[in-house]
Structure formats: C-alpha cells, structure tokens
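Two complexes are shown next, each including chain A; its partner changes from chain B in the first to chain C in the second.
So, the complex of A and B:
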C-alpha cells in the first residue's frame, strides 16, 4: 500500500489551505504541535485555531532563540549538575528544557540534531563536553547547515566520539571522515573508499587539548588530496565544504526530515522529496526556510501524515506531560527514557536512533507502560500545579466519560473504539482507592494503549 | 535425549498455557493439549545462540597467526608474541585472554572458521552489519533477516513459545526481523512484566481492548496492537519459565555472562525457543586497542565457555550451538593510534557439544591483501548454510537466496 508515492510532488509541498472537508481545528493544531514540538495543552490549541496554520508555523520557526530568563534558569540547573561531572545526571537537565521550553520547534530540532550528529556520552565520558555540544546544537538548530557541519567537525565531544582527536598525519584515522559522508551529509553509496581515505587526511592534526579544539599543524597532512573529484592541498574546512557541495546532500536531509516530521513509512520517493530538497539548496542550506515549507505543506497535514508516526520515548513521555500541563521528577523521567531506548546524551551509536518501528518491542512497550506507572505513582507529579482531580475539575471534567474524552482529545492522534472506551470505563470503576487514584489509573491505562504510541 | 526437571517443566506449562488463555491468544486450548504437553518429554529441538561482536572484531588478534612474519611486520605494537598465544596448531593460536575457549577447543567443543567474509566487502559498520544480517546487498529489498526467514520457514505452533528471543538493551538486530513473527527483546527478566499497583487491571484492559482481527487501515496501529499482544504473552511465559533454576557453574560477573545465564535458565525450563540473540559491543578499536580488546575477548570467552559447561552439566550440551560473528575484521596494518581501522574478512566461532571441533580453513594470507585487508576464503553464507541445514535441519537455499555447500562443522 504505497499510495504516498502516487501523491503529486508539486501539490505535496504547496502550503496547506483549510477547506470545509479539512478544516483547521484542534485536531490539526494538535498534530502540528506534536510534530513540531512536544504537544500543546488545550489553551494553546484554542489560541492556535484562531490563527491560520501558516501563522502558527511561522511563530514556531521565529521563536528560534530562548528568552534570557528561561535560558538562565535552565543553564543554572545544568551547571549544578555539571559540578558533579556525571553525564547521566545531565540528561535530567535536558529533560527540564524539554518539559518547560516555550521554544518548542527549537528544542525539537536540537533533539533531531543530537540524533543526526549523534555523539554518545558513554564514549566521550565528559559531561562538560556533552553539554557544550548540546548548547551548540541548540544555538544553530534552526540556522545554517554549513555552519552546523563546519563547527560540529571541530566540536570536542564529536572529535573524541569519532576518534578524530587522534587522527595523525602518518596514519589518518578514517572514522570521522567516513561518518561525515555516510551519516551526516550524503548517505552510503554516494562516495568511494578512496574519498574516505583522502578526506581523513584533511582532518589530520585536528585534536582536543584541555577540552578545547585546536589544530596541531605538526600532525596535519598538507599535501594534495583528491576528494569527490576535486583536487588541492585541502584542510578540514575545505573537506567539509566539498562534501556540502555535493548534490546528494539536500535529498539526504530532506529524506531524514520527512521521516522525522511527516511519516515513518512508506519510504518517500526521490521525486516526492525533490521540491523540499531543492528549496533547501536554493536557500543555501538554511534550515529554517526548509522546515517552514515542510510544516506548512499539504503533505504534512494530509492523511499520509496524521497518526502515521510511532512516538519516540521523548515524544510520548514529554508530549503527554506537556499536553496535560504536568510536571514531574526530571531525574526519574531521564533515567526512564534511557531504559526505554532514548537516553538523552546516550544515542545507541553514531547513526542515532532509527525511529519508527524500531522503537517498539516487547521490552520497550512494557517499559513505556511501567514508566508511566512510576510517574503517576510519584507524588512529585502534578497537573497544572495541582492534583489530577483538581486540575480536571477546573476544566469542567467530572465524570469517567468526560475524563476519557478529555484525555483522548489531548493525547491521541487516532480515535478510540467503543470497545476500548467501555474497557477504560471498567478500569476506572474497578480501581479501588480515592478519586485521584482512580483518575491516575485511568490515565495510566490510556497512555499504555497501542493508540497512545502513535503521534 | 536428556529429560529436564519435570516439576519445573510442569509448572512452566501450567503457567504458560494459563497465560495464553488468560490474555486471549489461542483462547481455546483444548484439554488434550494440556495433557499431552504434561506428558511430553523435554523439548528435543536444537537451539542456536548467536553472539554478535559489534564494532568489527580484530580477527588477527583473536586467532593469531603467530608464526607469520607478515603479521609481526604489520603489527609492531599490537602484535601478540608467539610465547603469549594459546596455541591451536603450528599456524595459529588464540589471544591469551581466551583460555575458556581454548579449553573448549581441547574438548572438541569449539570450531573456528578462518577468513570468513564475502565479495566486495563494505567497511561501513551499518552496511556491513546489514549484509551479515540480511544476506542481501543494499540494492536489494531487505524486509527481513536470515534468522527471521528461518523462523518464517518453520511451521507455526498454536500456543507455542516465542520462536526467538533477543536479550539486550540495544535495538533489535535486523537478523531476527521476520515477516510473520514478532521477536521480543528483553533486557532482564525482572523488567519483563507489567509493574505497579494497577497492573492486573492494565493487563486485562490491554488484552481485552485489542481487536481480534486487524481491521484498521493504519499499518502502524496494527503493528502496535500485535506487538502489545506479543509483549503480554511473552512476558508471562518467560517469567514462569525462569523460576526454579539451579546451576553449579559459576558465571563471571559480566553483562554478557548474565545474559547467557538467563538463556541457560530458559533452555533448562524447557522453553521451545530455538534462536537466542545477544550482542557484545565495543569492538570498534580505532585507538589504544590492546587493553580494550583483551577485556572484550575475556568477557566473551569466559561467558561462552561458562554457558557451554553449564548446558553440558544440565544435559543440554548436545542440542545447543553458540555462534559468534562480527560485521568485519580489521585492517592488517595497525594505525598510529595503536588501534586498527575497519577491515574485511575475519574468523567465526561455533561452540557446543554437537560440533566436530577444530580449526577450519587456512590462516589468512597476509601477503595477498585487498586494499590492506584480509581476503575472504569462506563465504559467511556457507557457515549460515551449514548451521541451517546440518544443525537446525531446514533448507538453507530459500533462506539465503542461493545454494551453498555445507562446511564440515557438525558431527
């Protein structure tokens, strides 16, 4: 069933205009916030539906810098953790940002780049370097891909992670050069083994000293190289520039964004992606215009996209909390994310997270349900600063039926069947304990449904 | 064939059948099935355990051609001296940290296949791993893995145990991706069950609210629903099967050992699972290789040899084979960081009671290299074909896509 690729590529990337068949409403606004961020509460959705979809997208993209007071608060928290030096604790500092940031798309893209330029604390073993990289990715998350790639090539955590810190003139270390082409820019098959060897020579002498990047000219190979058809006495900056000039680059990024923002499957054809790829190149590899086009597009708001992604652990957990204005123990959440397959600062390998169906197996499915269980049993978990009972009452939600309807509206991308609704009612009624316990069990049940894993 | 402890078997059967009925799959388990199961002797089917060394294991420092001058010349710093290797014959010896496997070799329970690889080797971790997992190049369609296709070729069993299990925190390996069967991944037994005060209610909700047939047009939702069913079923079986295990073999305190001990428990409990998959990561030794590689090889060798001894004592030694591979070997010449870069062919290892044992194939010719890497003498699919045909008793040709002759691996 590959009807995605029968979509007209021209229509796919035109801006979506609401119609009477497909009006701009809470459902579509919730979709936009789930994908471009981590979900929105009902009040935010109400504001959004009063604007046009294009206006909401533009605001998301324009909010590309954190406000000073938020940044100060988030950074202070991180600095406290950094004093301890354990990268595992650092995950909690990032969870704080994910939970509270007003800059949703910026944070979503920071997470995207973390998976793209994947760097793992397991190998880097240095919380400060990992944090500096995270701040760097946030700073450029909606910026210039040239700058992002040039600077990540000189990022100390990346240098340590891909061994370029020990890339010497006499014996070039190929690791970084290969991944730059295979995983960051071009994709497998768009370069030769000779290109890897020659590109590695460009980066010789790039090392880390005192947690800072530096060029060691005694270890740099300044002789002539030939990379992807170009010859010269290239250094690392030239190497990155040549890779970025390759026409496969824009397709490679367009494909990755499509899978991240639009749908897990099927694979889009090159023809379908071409207009997005072209726009990215025409805007000289600026990220923001390409993402604006993507998030405004017909295809993004089409049936090919709605409910057609399996939520990552971060999307599921943070999305649920944010949509219900909930707060919880960030340490608990951070270690829980690691256990179900998306530890922040702990991608599985240099390829990052594969996403889609690979998020799901017996262990992670039970783990998702168990993590919600732990969070809902934790007394630190509050809803709009209150108990769940009180928070729902303030919204006029007083019965099991209205609670099921409310949770479904805030959290689900696909409808519940009548059978499932009646089972949920049973769950609520059979639960012993006070009203708060019954409502939390109901929420636990909804978040554990297969439908909740779709976003 | 050895019988297993009948009390744990019975307990396991009771709970697994009860579990299957309780969660609504194979709901009508007939009484005769229960009785037949009670009186059946232990499972006699053969089992394959795959150990994946992720990152590209340095084959030349695992099975060391200690007498070869070309080896000494290519490895001035990393080379392992003849006096240190655990000799297998006049050609090669095992890394000094592999005493456990060396003992198995003496007992005829280890077969080493040398210089295994394939034409036009790929040096990307992911692409090479995909080739080993699927037996297909990237130009071809890759919907499933070679073990997944093996699972698909087996007759489906109503109310049977999960046909394969992956133990680990990593992403599930492509090798066990199947079109018809969802293979569970578990990290540890304790995690593999619903927790929390409301777990009973949640279990019944998830079981009851799942549609009996897939009617939705959303493939992903169907996938999530069948995955949830699979998770609930597998969790009950595995929890029940792991109880009552006693073992006299002391396993080392390592992650791999812990996983292999869990597998021994499941096998001894009579689980009909035929394929187990575990991974040991860290073999991408571009720098300062010696110390890291030694630790990894020791962890692997000690864990695998403890498992093989344990299974032997428990009476399962003749029906379990442990196969180890890595996505590629490493470059023959060491690099300037006292490490090695991505290479091509390398050795594979099979352990267990059903093997002929010994060293198979010639030691790599280090004076005839391919871009600085070892050329393959034996195609990895020949090893797979031998395992599928001679061990698992299935036809390897449709699974591998071509016909391959068996190697003289199994007794």
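So, the complex of A and C:
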C-alpha cells in the first residue's frame, strides 16, 4: 500500500512547526543539511538548532544567490585545471568544490541539473565545454527555469552530446527535441510523435561550429509548424517556450524534486504534488521559491522522508567527509565515484542517474566499502587538519563506545541497534595496530553498514 | 724464605711478565680492535660511518635547517604527537648521556658506527665504538631504560657469555657492551661470534677475508672534512642467498629499464663484490658505487658497452638555461635485434607488436636493422626552459623544450627517409586531431645555413590566437633538423635552431664515460615557478588543502630547491672496473 496516499496534500506543504513530539533538534537539522546539501558537522548543527527550521532553510537558499570568496577561489582552481584539458581532473575540481563549499544547496542543485540535463564528457571530450556548461548550471541552479532551459538548448556540450551539433532543414535531428520534452520538461506520454517532428523543425539551423553555438539561417526551416496545439512560424526559442508553457511541466519537475529531496519511494500521487507544482508555476518557474517551500514543508520533516533515501555515491562520500570535517585526495575520490557509478561529468546516459535502489547492488555496495577503505588509508585524509585520533580527542571522544556514538550521531539517519554497536566494539578491539588504525577501521566499519547507505 | 725459593719466585714472576709482554705486543689489545677484526668472516654486507660529528655539525649549521625552523608549519609539526614523543625521547637521551644530543652522539660514535649483515645466519649487527667507555655505559643504560618503558616496565632479560652480559631487548634484538664497544644484533650466534673475536682476537675475522681487503683497499680514503660512509657488499654471496633476486635476472621485463640499466645489472650478475663510498660536506654529497668489470661479462649486452673496444658517450649538449642533459653510448639497433636475449617473453611480445607497426610506418623498412641501424651509437638528449615572451598563443602550462640528437651513418640515405616519416606522422596526427576537435599541425620547411629543418606548428582557433592560457599543445612545435651527419628531433623549432647552429667539439671530454647525466636545479626551479599555479591546484586537489596551505607548501618546495645547485651522474667503464658516481652540489638557498 502506498503510504503517501494517506498524506493530506494541504498539510504536506505547510511549513514545519516544531512540537514537543517532533522538536527541532540535531537529528532534523542533520536531515535538512544532508538533503539540502551534503551534510554538516556537529558545530554547524549546534548553530542551526538555535534557529528555526524556516530560518535555516532561508539561509541555505539565500546564501546561494550571492557571490563569495570561496566561489571565486573554486572557479580559479577549475580554470587552472582546465589548462591540462582533462575532464577527469575537472571532476576532481568539482569534488573539491563539493567538499569545501559553503553554498551547499547551490552545489546540490547544480548536481541535480547535471543529472537532469545529462551531458557526458566521454562523448563531448572537451573539458572547457563541460566546464562552461557546469558554470552555467550553477549560475541558474536556483533561478529561472525558463532561462535555464532556453540557454541549455543552445549549450554546445549539450548539443554535441545529443548529436545535435548539426541540424539541417532537409533532415531535422529529432534527438534534442525528443529529450527536451521527454527527459527535461514533460515526461513520457505528454507529447506525440508529431510534436517531436515539429519541434525538431524548430531547431533546424542550430549548430555548433568552432565549439560555439550559432544559428545557420540557411539551414533553418522557417515554414509554419504545429507543436502541442500551437501553430506558427516557430524557431527554436519559440519551441522551448511552448514546451515550458505546458501544464505537465510543473508536475514533472515537482515529482523529480520530491524523489531527489524527500524519498525514493513510494511514488507520490499527482494530487500530493499539485500544491508544489502550482507554487512553481505561480512563481513563474523560479526554482528557489519552490525549493524553499519543499525544504520547509511538513512532509520533508516527516517520517515519510527521514532515512527514506538511499544515498548516492556523492552524497555518501561527501556527506561522510563533511560531517567529520575531513579532507582528502579529491582526485582519488573523483575516480572512485566514477568507479561506483556516479562520476561527475560522466553520467551513464542521457537520462542521467536513475537513483534510488539502482545505487545499490552487490557490486556497488562492495565498491562503496572499498572506496571508503582507500580514502581512510590515504595519507592525505585528515580530520579538521589532524589525525582522526587527535580530532576525536579534541571533541572528548576517547573510547571505542564514545567513538561509535559520535560517528553514529554525525553520520547516520537511522539509529544503531545494541547488537550492531556490540559488533562494532568487537571490530575495534580485534583490530591490530595503533589507535589511529583502530579508529579508522572502526569508521570504515560504520560507513560500510547498511544504515550508512540511508540518508 | 730461603734463597732457592726466592730465586724460583723471581723466575716465575719474570717468566709471567715476559709472557704478558709477549701477549701485548703480539696482538692488538681489546681496546684497539677494529670493527673489521670483531666481525666474522661470513659477513656479506658491511658499512662504516665515520666522522659523524662533522655530519651532525653540517646538519645543525646548514642554512636549510635555520629556514625550516623559521617556518610556522614546521614549528606546528614539532608540537604534534609523533614529534612530541621524539622530543621527549631526545630529552631522556640527553638526560642519560648528560650532554646535549649532538655532543652525545659525537662522543658515542667517535670510533665509528659499523653495520653488517652476516651471510651464514642472515643476522645483522650494529657496532658502536666510543673513545670514552663511560659514554658507552650511559648509552647502554639509556637503551635498557627505553626498552623497559616499551615493555610495560619489564626489564630486559640478561644472559652471560664469557663474562660479558648480554641483554634481550626483544625477541628480535639483543645488546651487549664490551668495554668501549656496544653492539646490537638480531641473532645470538652472531653476537657470540663478535664477543669471541673481541676476547680472543683470532685471525678468523672479516680482516682475513681477502676479497673484502682487496675491495677496501680500492675504496677512497675518508676525507678529513665531512662525514662519510664506506660500504661493501659480497654480491656473489647475496646472489647465492637469493637476496634481491629481481636485480640478478638475466632478462628484463621493461625495455626502458634495459636501455638505461641493462649493462649495470649484467655486470652485477658477474661481479663478486661491490663497494660504495659516500662523502658529505658543506658543498654537497658524492656517492661512488664501484664493481669489478671484465669484458667477457658483457655478452649479450655489447650494445651497452661498445664492441670491439669500449665506447664512450658523446659530449653533453650545452645550451643556455639547460635543465637536463643526458649522453650515452647505446647501440640501439643491436639492442633491438638482440631483444630476444635481453628481454622476457612478455616484453618481447610487446616489442614484436611495436616492430610490426613501426615497420609499416617506415614503409616496410625494418625498424631495428634499417632505421635504428642507420644511426650511430651515441645518444644525446637535452631539455631547457622555453621562453614564451612575445609569443601568442602562450600555453597555460609551460613545459620545458627537449631534443634528442644522433649522428647518421649515411646521411644521404637516411635523411629523406626520416623526412618522409616525419611528414607522414604529422599528416596522421592531423587526421585524428581533426576528428577529435584538437588543433592541427601546419608543416613547413626551413633552411638555416647548411641545416635543413622540417617544422610543424599547431594552428590555434581564431578565439585562441591571442590567448595567454592556451592548451598544453602550444608548448610544442615539433621539428626534425639535419646538419652534416647530425639529425635532431626537437619538441620546439627554437631549440632545433639553437642546436643546428652549435659547433660540435672535436673530441668528447667523456673519455671513459659510458653514460653522463646532468641536472641544473636553478633551472628546475624556474620552470616550477613558472607553473606555480598548476602546482598549487594539483596540491589542492591531491591533498584537499586550502589555497593558502597549498601555496605555502609549493612556496616551500621552491625554496628548498634553491638549496640544491646541480646533480651529476656518470657511469665509467674500464677493462677492470665499473664506477657509477653521483655528485650533488648544494646551493646557497637564495633564489635568483
């Protein structure tokens, strides 16, 4: 039975107000930071619980619309890396950004759009083009969806990826037209084959030359077209506008955001999503207000959301590191993420990452544990600039039990059973080596638990 | 007492004294024994460190140490866990020795430190000799106290061997003091052998090992200034014992390793022993590794040494702002053709594939016999900085330029062949680049005096023409140049032009040198400094550090390089000896 069917849509989207039954505490604050970003350390959570949940959400959103020193430094790093021309190094530069950014929601949404408007470097092969797209997504991540979609339609990396670098009026390329409707805006069943053909005609003459977008008027089909019930002498921008006007758009995106931020399953009904969809349309397709509503909502802080998502590789690895104030070799991490199914700049196909249960199988589960092992063994991995032993001692954590409690508090959305705690204690005691090795081994054991895969 | 009894007593005393004097004059006293006299004949590796006080002084007074101490990161590191423990240990050491640590170390080791590996039992031993027995006493007490601390308060087990007390610090480590000597070993039997030698002073020691004595005589004497290490290894014994098997393989797995090291490793397989001598002083360090050599050991690696006579390397190429130069004698054609005798099956398989492809590339001409065979055996390689001033587009990452130079045996025949191949390569590159959206090469020809240059330069996109952060390709303008019997393949046109205009020396100064290498640290620093932003970015990504921390670390690296001036490596071979020398010259620590 779909338990979401019993949720009152009106209640679902009202702002969450803490009560004695459900107080605003570290657990809920951690949940917010895990979902709206990648995680937060205890000090950040302590600050957050002193504010209201609404205030924290507003800060998360607000912070992302202003430029800051970190963004400049991270952009400079990426530009420097681009000189080598290797998209894989660019992955490492983005991992670095995710690890250190104060603009967590911005980066989370950039990651979302990267999976939504999926573009893979293995086909594009040009690091500069991939970076330009990434910067563009970041710039508009919480902004106007109109502008985002219009501009991504003219992004050279996107067009190369969808084989739309050349689009001639004699043979309109249907690829981009189809993906625009099916994957980016409306979803399956909300358009017909005729709409695909007609929309493709709008994009004729759109091409990539010298890695730049341009319109070739000689190749543009300027005849009348009929798309989704509208007729006229449409060009590409008109085509995108028409698609964006469709009422299915806001439901389509609301459903994607629900799955991305609230829970993997079950599927919410259209009725449940309608208030969120309406708000998105009422705000003229501005992303920030819709997300603010989602992140402040009752349903976001309800049992339907807490611990109800399987963390993606990025969420798992970056979340763990951020929660423990850890830093590491980002090149190792970037290549590891690719190996376990979520290489930044390397989505598997045009649909992006399916997410949910597809993150976990026997191979990826082992891959996650192995990646944690490699990270923890790497000499570059430090915790607040120190060894794990020193970092924990500074927090008053000196025994195996307190370490288990501390890690559980920092990392887990679901509590540990006494049996599991006992097993972890045993792991610690059986480990040979010095204190540092024992603690890292304990941390490795915790991050490999099924509970750690949930966020 | 009557007269007879007195006479008997006096006679006895006289005889005893005569016997005593005889013992003293006939053999060194225990105090005078050297480490060589204490070690058994079965030692297969030996190293002696002398003049440790000079080395300690050098380290403590070097400007590098002062620089490190002024660094906040270094001072912070001194407060960290492991360093704190080290400092506690040092304080305990100074307390035990009743001297500052450097003076204590000097006094403790003024008779030398010797390390040795025993072939018969696989044991090692470390011998310390001090002129002051009390110093050795104090050190012994310190080691015992340290051992007790590490063993949870349990004192070391003691044993007695011929009235000398031996201590078992752990299962693997034993210690004993014999007067002015103290030794540590992991094998009891070896320790007993050392004690026997100390007490009895027999001739059955390392002293009587003729091969060792012969090797020792050949080593350079210890310089009065600067610490030094002298070492000896019985290579034949190590080979027999199966130590470092990889080094003694007949065939190598890696063609590059074969070209660089093949002759050295072949020599080691036959050499009965090897010696090393290291001298360290304020000007730098000098390491000499020497083994005997015989011409009949060279087969099948004659390509490495030269045949019928030993060949020497051509001169090192001299250019302004030179970073690195290498010169070697290698008959590459012979090496390629005899690969079956030199490389493993796996390496030969790869070589066979490469051979097929290269033969196709060279229009059916055999790569090993015809192409490599057309080149003389002298290889010269040089790298230097590139100056991009006034040149656009200028790459963001600034690499050094490099070139390789050979002499052609038959220029008239070889020149057109190589020219065609170069042009084919540029064409092939352009086809694949075009398909992948990368810049293409524009090929041309130039004459410079008597030299002919076939040039290739990357064509920038319109948008990149004035760029000062162009892709890495723009470091390269591959050029093939011919002048006289010389052929030069250069990564840049500028370097090719510089080399063709050079006068060639009539004779190589490298008379007995098979291989010579030089590296200029100041030029290395210049190149790294020009790419500082790249190094900082790489540091940030690989260590997850902030920009400030990465900049500090790279800044420190650049500063540390100023303490090195240059490095030289030479391999000299004569009919009886092979010598590998490494010279490091220290700099002043001031950047240009």
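Note that in this section the second predicted complex is superposed on the first by the 450 of 455 C-alpha atoms of A that agree within 3 Å, B and C clash if a C-alpha of one lies under 4 Å from a C-alpha of the other, contacts with A are read in each partner's own complex, and residues count from 1 in each chain.
Note that a residue touches a chain if its C-beta (ideal position, glycine included) is under 8 Å from a C-beta of that chain, and two chains touch if they have at least 3 such contacts.
In this text, all values refer to a predicted model and were calculated from it rather than measured experimentally.
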{"item": "Fit or clash between chain C and chain B when superposed on chain A", "value": "fit"}
{"item": "Arrangement angle, chain B at one end, chain C at the other, chain A at the vertex (C-alpha, nearest 10°)", "value": "80"}
{"item": "A:451 touches, of chain B and chain C: first, second, both or neither?", "value": "first"}
{"item": "Comparing the two partners chain B and chain C, which touches a greater set of residues in chain A", "value": "B"}
{"item": "Contacts of A:265 with chain B and chain C, given as first, second, both or neither", "value": "first"}
{"item": "Touching partner for A:278 - first (chain B), second (chain C), both, neither", "value": "neither"}
{"item": "Partner chain in contact with A:365 - chain B first, chain C second, else both or neither", "value": "first"}
{"item": "Chain B versus chain C as contact partner of A:193, first or second or both or neither", "value": "first"}
{"item": "Contacts of A:96 with chain B and chain C, given as first, second, both or neither", "value": "second"}
{"item": "First, second, both or neither for A:380, with chain B first and chain C second", "value": "second"}
{"item": "Which of chain B and chain C A:182 touches, first, second, both or neither", "value": "first"}
{"item": "Least Cα gap, in Å, left between chain B and chain C after the two complexes are fitted on chain A", "value": "11"}
{"item": "Interface residues of chain A shared between complexes with chain B and chain C", "value": "none"}
{"item": "Parts of chain B lying in touch with chain A, wherever the complex brings them together", "value": "123-127, 138, 166, 169-172, 182-187, 191-199, 201-202, 205-206, 208-211, 218-221, 223-225, 227-228, 230-231, 234-235, 284, 286-287, 335-337, 339, 341-342, 371"}
{"item": "Residue numbers on chain C that touch chain A, as the complex places them", "value": "80-81, 395-397, 436-437, 461-463, 469, 471-472, 533-534, 536-537, 540-547"}
{"item": "Complex contact set, residues of chain A against chain B", "value": "1, 163, 166, 168, 170-171, 173-175, 178, 182, 188-189, 193, 196, 264-265, 307-310, 339, 341, 348-351, 354, 357-358, 360-367, 369-370, 373-374, 377, 414, 417, 419-420, 423-424, 426-427, 430-431, 441, 444-445, 448-451, 453-454"}
{"item": "Chain C contact footprint on chain A (complex, rising order)", "value": "73, 76-77, 79-85, 89, 92-93, 96, 99-100, 125-126, 210-212, 327-331, 380-382, 387, 389-390"}
